[in-house]
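Two complexes, one shared chain (chain A), two partners (chain B, chain C).
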Partner chain A sequence: MQPTHTRLDDPAKTDSQTLLDVKDLKTHFFTDEGVVKAVDGVNLSLKRGETLCVVGESGCGKSVTARSILRIVPNPGQIVSGEINFQQRDGEAIDLARMNPKGREIRKIRGGEISMIFQEPMSSLSPVHTIGSQIMEAILLHLPVSRQEARKRAVSMLDLVGIPRPSEQLDAYSFELSGGMRQRAMIAIALACEPQLLIADEPTTALDVTTQANILDLIRDLQQDSGMAVLFITHDLGVVAEIADEVVVMYLGRDVESGDVDAIFHDAKHPYTRALLQSIPRYDSRENRRLYSIKGTVPHPFARPHGCPFHPRCDDFIAERCNSIDPPRHKLSQSHSVRCLLYSAADEAPPKEDALS
Partner chain B sequence: MLWYIVRRIVYLIPTLLIVSIIAFVVIQLPPGDFLASLISKAEETVDQAQVDALRERYGLDEPIYVQYWKWISGIVTKGDFGRSFEWDKDVSDLIWERLGLTVVISLLTLAFIWIVAIPIGIYSAVKKYTIGDYVVTVIGFIGLAIPNFLLALVLMYIAFRYFGQSVGGLFSPEYIVADWSIDRVLDLLSHIWLPVVILGTAGTAALIRVMRANLLDELSKLYVDAARARGLSELKLLFKYPVRVALNPLVSAVAWVFPALVSGSAITSIVLNLQTTGPLLYRSLQSQDMYLAGSLILLVSVLTIIGTLVSDILLAWIDPRIQLQ
Partner chain C sequence: MNSESEVMPGDSSIEPLLEVRNLHMQFPIRRGAFRRTVGFVKAVNDVSFHIRQGETLSLVGESGCGKTTTGRCIVRVYEPTSGQILYKAEEQERIDLAELDNRDLRPFRREIRMIFQDPFSSLNPRLSILQIVGESLKVNRVASGSELEDRVASLLRRVGLRPEYIRRYPHAFSGGERQRIGIARALALNPRLIVADEAVSALDVSVQAQILNLLQDLQEELNLTYLFIAHDLSVVEHISHRVAVMYVGKIVELATTEDLFTNPLHPYTEALLSAVPKPDPRLRHKGVRIRLEGEVADPSNPPSGCYFHPRCPYAEDRCLHEEPAVREIENDRWVACHFAEELDLRGFEAIG
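Moving on to the complex of A and B:
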């Protein structure tokens, strides 16, 4: 497959501030039991230097979206349609969705322009290689430096992410480090080649609260210094409120609402977003209110509901409409859009014959 | 690392002591002593002075710990393993060449197993559920299922019928009792491949399964994705990370290959007429040739212990997680 190069002056992409623009991405898993539509029409866009938070319940396709961007979706997963437009450092825009996932071009992007840190710092480092060998590997792959220079750079990266005695720790193995230190090491590896975009897939979920805060601060500081953009995946709305510029709320493999952080927290439109916000514990409430929880559970991936995927759990369910019409993306303002029939005019939403297929 | 090795070698000493005691107990278990059976079997009357000399030499009238002491100190200081009454030779004259051949065959078999099984296991894991994987799997199970001695007979027939090679044994007839020379070594090499293939087949089949399973486990680990996300190419990635980790458990195979080949393959060795320790041990046990049996058990145990030590050191060397545990 040949990647399609789109010049900057393409009228559709005049906004040079946009670093990543994912359009209607669909990534499906073709398992023996059937097709799992893990990601089924996600849109998101991220400007240079900004932080975009992707939130949603477990299993809604956040990690698969992230892996799709780097083209490291595990078998039997495949991107079936959509675009992942990314603006390279040299100004050229490319569609990552069309690249050969084993090719040289995507490998230059991985680690060089887009880096990723994972949910499990315990297992994302090799058990039999030193931290240093893994950082230096990233450096030597992407930067024209000698081994000695790579080693020096690796030490300064460990220093940068706050690992004590960095030149000693370079020769440490992952099992010699605590979870927090391992995640710092992962961050050091990810940032070693100064990527334009850091994808952080729930980087603090597996860590204790204090360490979580430290890691968040670290990512924020590094972002301010380097000007990289961050795609931050989490299901912790507290974290979102703290770090996000923009927010995308995902449900069953698609974006149900997206907007800037103020719009999402103070003017949420989608019933799912509101329900998520209501389920945050509040310290200021006097009475011992029971925590709100969304009724029902996330449906089985093989049993996607017709119409709006959220309708079986929705309090504002409109009979006859929500279970038959697949809601389109409706722009409420320049930066706020929602997929919900409560907000889109009837004529905007032509009923679909077969919403399942 | 050095400290680890030293510690392991120190631990070795009590183990060897216990093993030698067990081997000696095996010698002593049957009723009577070997001189009694020697005398009872002998056609003519045995010279009483000679019998007394032997009694004195092995301390047969003394308490068992004295006998043990005489036996073990003879081995350690003079390399005297006692006498085989069946062969009427010193045990040490009987065992060294066979032991040497056994070690050579064992090591070659191990090398054969690794060289064949590791690449096939890797292929089979990377190409999971493809035709190639299925073919390898089926052949592997056949290799596991066929008894070695049957395979030996079939291969001997083929080698003899179609290649006209003198089969069985490790040497052509003219070299069996010859002194070591270049020609004898070459003759050995031209014979040794057959037992190596036969003895290695089941191990190869098993190791393919182990390698495949290990690698499949590792391939789905997050550190592999993380390395891929760094921009490493698929081939480099495969060998630097998951294959490297999947190989670790295989090193422990060094430990079991000696006892398996020395004792477990006795039947195959008899079928193939190999001058290794397996058939010798088998016969010595049948005929209650106890100094020979005890010495073989002792030496095989020592080899096994050394094999374990080597595999542990290798494992500690390639897997940094070991030493700290």
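Moving on to the complex of A and C:
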């Protein structure tokens, strides 16, 4: 676990405001056909009360990153190196990457300090237990309360997430609720023990726009009241623009660019980030009806390109360099960093127009 | 839309390729030991619209609004409960597809094709690309043997796939490539109308951009007509000439893309537009988001009067009792709201 990118890692960085600090995380899957490097050197850090969005296309490793933090990576996946430093409620910092994924300690953290909500509420809620019993299970596991108190708390949680007639709905099963209400119920379970960090893995992807808007509002309101941090995983750049404070863009298991939301949308540096922004249909793009599209496809996981993983699809590809040198993380400003040889060479940012204009 | 389209597909003098009149599709709800019918889900409830040759009409709405059922009625996967689906075949009188039985439908099945949402479940994993794309050519005795192979190869080239892949199986392709295979299959018999049911919803943004460009290119080259069923409004805005908004089995508004997005006339359209996340953080706190209260109405037990009234911020007494008819407010602009003229609703730009 040698830090390969010394430029970023000054020891004073982990101040008390930083809740989660992931350093050079690598999660690989050891399959019969070979090793899939799903996450291959991800760095991200999240402050208390902040929302960090991880964006990228399918297969970029964003979900595996989230699962690595909670140590619920499915077999045959393993964290092979890296650190996941998490500031516990009592002030003690721990490295989640070193924990036994089946041990007592991590189970205290799951649901208690870090909670997760998933994309498909129908398949992540139990169909044979009532919503109430699933919320109470979380409460009884983590808090020293009686069943009666747990029930009371469950009702107030359902009320908090905006489920109408909460004391009746407590005895409802997940299939009796609509998609939006199910997602609210899942948020209620996740928040029942007032976690410090909520990991939301594509929580609105399966929902309609109107329901999505309501759920995003809900997450934002709850965050404002409780001060929890949110790690939000999505592929939808519209959602990112709505809720993110900080953004990490991932490609093939790497963070290729990270920065605050305004920098990512208005001063994107990495060719992949720019390309992503240009491929979304926009209301003001009346003149040119053709969308920009990135050439080629995401490479097969067993055939990772050498050097920069994006170079075969990149418009700004520099021959001899991009296909041989692995670009280091380069800090452009306090919060903005990029992994691209266009910038790390001699700070010679090529004059490129704003991706939005 | 851009200027050229105003002359071409927007021209109302062209006779529509397809006209749907008062389409109803009801699914029975059966209960008990004798499977007695206890009610009906009115999935499509009195829907009328038309599509002109070379045009893209989008159907939008939330899940369960009946947009997919409407599409499936048109390709006659379902037999509609009532209503007409008038199709104008080349050099023929208009024919009501809703009346035809399976045998009489056969010639029209070649002309009206479908592209599906999920590129993973809509291709048979045990058939090669040659078999998948070539099946309809073979069944219709259009080509066989080496001619079939040539035809499939040229179809693959047309959708941007390499013809060398002809003997591969679907598992060897990515999501975007599979969607291209689905498009090649739909194009095999030179169709005139393509019903694209959420054709890009399951794809990543960069792949989605490729497929949208492909669909637009094909439309231009082959003068295809699309019925585009989608829930993503920015995609709909990008690809459509006209848009129909559906709510609980009914069309509540139908207009050209430009009119609908800049100047919606139905409160539901306004709410939908306001819910679309704008891909620019600087617009975050600008404009008002309309929060729709409550849930989409149950299509087996819809509310009285206007179906949207329980969630509508502008609802008045009249909306509770009187169902608004779909009326043509301006030329080619339809809306089902009592107060369409009085309300001043916000469009896309005003919010953003």
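As a convention for this text, the second predicted complex is superposed on the first by the 330 of 357 C-alpha atoms of A that agree within 3 Å, B and C clash if a C-alpha of one lies under 4 Å from a C-alpha of the other, contacts with A are read in each partner's own complex, and residues count from 1 in each chain.
Here, contacts are C-beta pairs under 8 Å (C-beta built on N, C-alpha and C of every residue); 3 or more make two chains touch, one makes a residue touch a chain.
In this text the structure is predicted, and so the values were computed from the model without any measurement.
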Fit or clash - chain C, chain B, common chain A: fit
Partner chain in contact with A:Ile72 - chain B first, chain C second, else both or neither: first
Partner chain in contact with A:Met186 - chain B first, chain C second, else both or neither: first
Dominant contact partner of chain A by residue count, chain C or chain B: C
Partner chain in contact with A:Gly238 - chain B first, chain C second, else both or neither: second
Smallest separation of CA atoms, chain C relative to chain B, angstrom: 7
Intersection of chain A interface sets (partners chain B, chain C): none
For the chain B and chain A complex, residues of the former touching the latter: 220-223, 225-234, 240-241, 244-245, 248, 318-321, 324
Residues of chain C that touch chain A when the two form their complex: 2, 62-63, 174-177, 204-210, 212-213, 216, 231-235, 237-239, 261, 271-272, 274-284, 289, 291-292, 295-296, 348-349, 352
Sites on chain A touched by chain B in the complex: 67, 70, 72, 74, 102, 107-112, 115-116, 118, 120, 123-129, 134, 137-138, 141-142, 173, 175-176, 186, 189
Interface residues, chain A side, partner chain C - complex: 57-58, 178-181, 208-214, 216-217, 235-242, 244, 261-262, 265-266, 275-277, 279-283, 285-287, 289-294, 297-298, 356
